[in-house]
Structures are given as C-alpha cells and as structure tokens.
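Two complexes come next, and they have one chain in common, chain A, joined by chain B in the first and chain C in the second.
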Partner chain A sequence: MIRILFFAHLREETGQSEAEIEGAGKTIKQIKKEVVEQFHASRLDSAMTAVNEEFVPEDYRVKEGDVVAFIPPVSGG
Partner chain B sequence: MERYSRQILFEPIGREGQKKLSQKHVLIVGTGALGSATAEILARAGAGRMTVIDRDYVEESNLQRQHLYSEEDARMRWPKAAAAEKRLGEINGLIDVNSIVGEADAALLEELAQEVDLILDGTDNFETRFLINDISQKYRIPWIFGACVGSFGMTYTIVPGKTPCLQCLLKQMPMQGLTCDTVGVIGPAVQMVAAYQAAEALKILTDHQEDLRPSFVSFDLWKNDHLEIKAGALKDESCLSCGAQPAYPFLSREARTKTTVLCGRDTVQVRPGKKRDMELSALALQWRRAGWNVEGNPYLLSIEKEDLRIVLFQDGRALIHGTKDEAMAKKIYQTLLG
Partner chain C sequence: MFKITKQPIKMEEVVQQVIRPEAGAVVTFLGTVRELTNGKKTLYLQYEAYESMAEKKLRQIGEEIEKRWPGAKTAIVHRIGRLDISDIAVAIAVSTPHRKDAYEANRYAIERIKEMVPIWKKEHWEDGEEWIGNQQGTIAYSDGKPPQES
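Right after this comes the complex of A and B.
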C-alpha cells in the first residue's frame, strides 16, 4: 500500500485529504491515472508530485509504504 | 540609520547588511495582495530602490487583503502601481520607488532586468510567471515564486545555476482557469506567502545566499498543513529555460498575446500590438457626447454604457469587464478605438 495526500482544491474534488491504494512498483504517471479514475479528481495533470517530501518526475516508481502528495499549482497572488 | 536599528541589531543583517540592502534594486511584478505585502515589508526594511509594475486598478474587493490601498484609491480607481508608489513613499521617504502602470511583457522585463538584483512574484497568473522565469535565467537574477488561493499557499526561491526553475518544477504551464481565484482567498494566506518571500528577499539582498531555504513550501492555514518539499531532483539539464542549451521559450512566445482573460474577474485585457499614447481627455469628451458615462483619473478612463464597462489606460490597454470571451472583447475594443 502507498499513502496518498491531496491538497488545495484536490481535497474538495475527492472529498478527502488522504487515502491508501495499491501502488508499489507503478510510476507516478500510472498512479495519477488511477487516482483520477478512482477518486474523481479531474486535475492531476499539472499537479506537482512529492514522494516522501521530495519532488519526483512522472517516471518515478513508487515503493511500498511511500507517501505520495499531489500539490496542484495555484495561480492567485 | 536609527530607523533601521532593530534590523541592524539582528545579527545576520547588521550595519553591513543594512548598507547592502540600501544599494539594491528590487523588481516587484504585480502589486495585488502578495506584491502589496512584500513591497511594504521591503520598503520598511530599507531596500534602496524598488520598481513596481501592475496592469490593474484598485477596486473595493481588493481592500480585504491588499494592504497598501485605501477606500479612496478604490473610489478613484487609482492604478495599483501608482497607488503603491504613493503609499510606499509615505512609508519610507529615504528609498527610491518607481512605478509602472502597465503590462509586464517581455520587452519591459528585459529592459528592467539590466539593473535589478531580485524579482519578486506578485502576479496572479502563470503566463507572467513563466516570462519572469525565463528573464531570471537569461539575466541570472534570482526570483521568488509565490501564490495562494483560499487558505492555501506556496512559495519557492529560484536561483539561476543552483536550483531547478519553474519550468523544471511544472514542466508545462498549468491550464488557464484551473486554479483561478474563484474560490476566494483569506488575508493570512497572503501574508504567510509574503513573509516567506520577504525573508528570502532579505537574505538575497544582504548577500546571505547560503541561508536561503532550499525547499519548496506549501501550506494550508485552515487545514493546518505545512509541507517542506525537497526540489533538487527536478533540476533538468534539458530544460529549455535553465538547462545546458536554453532557448527561453516564453520570451519569444509572449509577443503574440494580445488578449488575456484575467483570472476570476470576468474580465478580458486587450493590448494593442504596439504601445499607444492615448489622449484620454479628448476620448472622454468624444464618448460623453456619444452618450457614454465616462469617469476617470490621470491614468485611465472608466466608460459605461448599458451592461458594458471598459477601463482604458494611457498606454492603450483596456480591461473589458463582464466577459471572458476574448474575441468579443477584441471586437468591443476595435469598435471603441478603431
């Protein structure tokens, strides 16, 4: 299992701030796709992804027990 | 130096740091909520020269979080940059503040880049941020990204040659509208981002680069989250903005944009291909004769007829209110100004 954290409007969209899914061995790209389907999050394409508090690229493969945070860039200022 | 005594007593700055600060030039792009806050902090701190740019004017709905502005500014529809310059001058008469009422486009930023030491992000859109990012890399000027919405905020300090750049972090420009400020924002989220930005700014301006925060910060003041994320792994040698063979894609792409939908404002900005110098008083007369309701100040005219409201600036830019339709906005602009 991996732990997934949602931030900003992703929370409102998915209705939760965190969740657990099977994801070990998959790439971030694959996980984003699954999360969009499973949690009805529409906006993951541009979300930055951190694994264990470190940004990773889309081809990064997650490991069992990883904490994956999706942080959508916001534009207001 | 007495007015800066508390800051001089702060050991990392001291007398030497204060002197360095007084010799630096900071560019603040956008003086909405974030830009207001960082500008005030740095003006009080004694940053020697500040240039502020903003394309918008003060409205009542700004006052909840944009600390430089007053009800009078909103009533007069004073351009934010000009109102900021006036207020900053009242706050600290020892520094040199220069305001630009206009669009932070590639040409203007390239011109200013020759003489600034730091760029602070006070914008509300990624189009301008990617432009700043390319300018920062091309002229080797650090810049401090900041953004917020609701109770959520984020900030990152980008130092050319050291950290990943915005392009490395985001890979692509986030789609317009996705993160628009339609859900509102609370003042504390603004002040938190601005505090991070201003602290980093003080470190850079007093030559304490070694103390810069290496992480990307993201927080939610309502949900009580705080994340510090390491970003080094995203530095991309093939990045077109900061990689081994940079092309600064946004500096050339930008020149084509003529209309921009302003985030969350139901407003489209129309820019003429070339800057114009408008005879505002003559236009006001002409439009009043045509039955329009025209108000104004030395910087702009606000024109109303039926459900249309248009604000025209001296440089020929216009804000068409009440629409998100760029084609329609362009048509209205052309009808008015030919």
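Right after this comes the complex of A and C.
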C-alpha cells in the first residue's frame, strides 16, 4: 500500500485529504490515471507529484509505503 | 528559521534570526493580503500547506541562497489559515555582508516560494471563491516537476 495526499482543490473535489491505495511498482503516471478514475479528481495532469516530500518525474516508480502527494500549482507568498 | 505557522507573523522575530556581526545589510520582505486583484474585491484568504514539505522547501531556498550569495543568511515564515486584508502572509529576512546581495537574495527567495513551495491560497469574494494556482503564469509542470533551481 501507498499513502496518497490531496491538497487545495484536489482535497475538496475528492472530499478527503488522504487515502491508501495499491500502488507499489507503478509509475506516477499510472497512479495519477487510477486516482482520477477512483477518486474523481480532475486536473491531476497539471499537478506536480512529490514522493516522501521530494518532487519526482512522471516516470518515477513508487515503492511500498511511499507517501505520494499531488501538488496543484502553488500559490504561496 | 524556516517555518509554517498558524499564528500572526511578527517581523521583528524573523529579523532577529539573521542579524549577526558579519552582516552589514538586512533586507526584509512582507507579503500582505491585497484587497483588489484584477478589479475583484477579496474578503479574505485561506491558505493551506503541505506543512512538513513546505518547511523543507523553505530550508532548501535558504541553502540555494547561501550557495549563490556566500555569507547570506535567510529566515522565512509563512502563515496559513484564514488571513484578512493587510495581514502578513509571508515574511522573508536575508542578511549579507553588503547590501546588494541582500536585495537580490531576498527577491530570489520570494520568486522561488511562488514556484515550488507547496502552499496554496483560496480567494473568497462576495460572490464566490476559488483556489488560486499558477501565479507565475506558466503552464504547470508538464513533466511533473517544478522549474529547476537556477
């Protein structure tokens, strides 16, 4: 299992800030596709992804126990 | 000091983090909540962060600054939660031996925050609300990663 985190509009759309899914061995691209279908999250294509608090590319393969956060375009400051 | 806080920001505390004998210049920046954006009246803002990662990324900005401007010391505090008009959302203090570097490094810090620190704001107006993204006007992150540090 991996933990996935939602923030901002993604958190509101999915109605939850986190969830657990089967994801070990899959790429970020694959996981995003599944999350869109399973959690009805839109606009994931414009989100960055962080694994264990570091940004990773779309072809990154996640491991068991990873924490995968979807990061919508940021607007701090 | 690289911190996400729910409390009002006290600038003096941020400045004190970077004042030291080696420094001859301290430049500070405050980001405050603006009432009008593109003619639309904001009632208040709601900020949210991926707190642990955001603090890590703020620290990374401090390290990038130290590399580019040797001898620079940085402190950044960003507030989250509900903020009203004119509240301080972010405070940045940079000290360096000489003033030119402090000005440049401080500017670098706020631009980097807007690029890649996981903090989001939602604008609340009289007739609606919206999560704001993409302040840089860039199309977001097609390769899933933020712009490289320069």
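What we mean here is this: the second predicted complex is superposed on the first by the 73 of 77 C-alpha atoms of A that agree within 3 Å, B and C clash if a C-alpha of one lies under 4 Å from a C-alpha of the other, contacts with A are read in each partner's own complex, and residues count from 1 in each chain.
The definition used in the following text is that contacts are C-beta pairs under 8 Å (C-beta built on N, C-alpha and C of every residue); 3 or more make two chains touch, one makes a residue touch a chain.
Since this is a predicted model, take the numbers as computed values, not measurements.
Trainee: So, A:44: does it touch chain B (first), chain C (second), both, or neither?
Mentor: Touch partners of A:44: none, neither chain B nor chain C.
Trainee: Looking at the overlay, does A:77 come into contact with chain B only (first), chain C only (second), both, or neither?
Mentor: Both partners, chain B and chain C.
Trainee: In the superposed arrangement, which partner chain does A:68 touch: chain B (first), chain C (second), both, or neither?
Mentor: neither
Trainee: First (chain B), second (chain C), both or neither: which does A:8 touch?
Mentor: In the superposition, A:8 touches chain B and chain C alike.
Trainee: Applying the touch criterion given at the start, work out whether A:28 contacts chain B, chain C, both or neither, answering first, second, both or neither.
Mentor: It touches chain C, and chain B stays clear.
Trainee: Return the residues of chain A at which the contacts from chain B and from chain C coincide.
Mentor: In chain A, positions 7-9, 11, 46, 48, 50, 53, 55-58, 69, 71-77 sit in both the chain B and chain C interfaces.
Trainee: Inside the complex, what are the residues of chain A that reach chain C?
Mentor: That would be residues 5, 7-9, 11-12, 28, 46-50, 53, 55-58, 69, 71-77 of chain A.
Trainee: Spell out the part of chain C that touches chain A in their complex, as residue ranges.
Mentor: Residues 31, 47-50, 52-54, 56, 78, 89-90, 110, 113-122, 131-135, 139-141, 143-146 of chain C touch chain A in their complex.
Trainee: Quick one: which bits of chain B touch chain A in the complex? Just the residue numbers, please.
Mentor: Those residues of chain B that touch chain A are 30, 32-35, 121-126, 146-150, 152-154, 169-172, 174-175, 178-181, 183, 185, 193, 216, 218, 220, 223, 225, 227-231, 233-234, 263-264.
Trainee: Can you list the chain A residues touching chain B in their complex?
Mentor: Chain A residues touching chain B: 7-9, 11, 17, 43, 45-46, 48, 50, 53-58, 69, 71-77.
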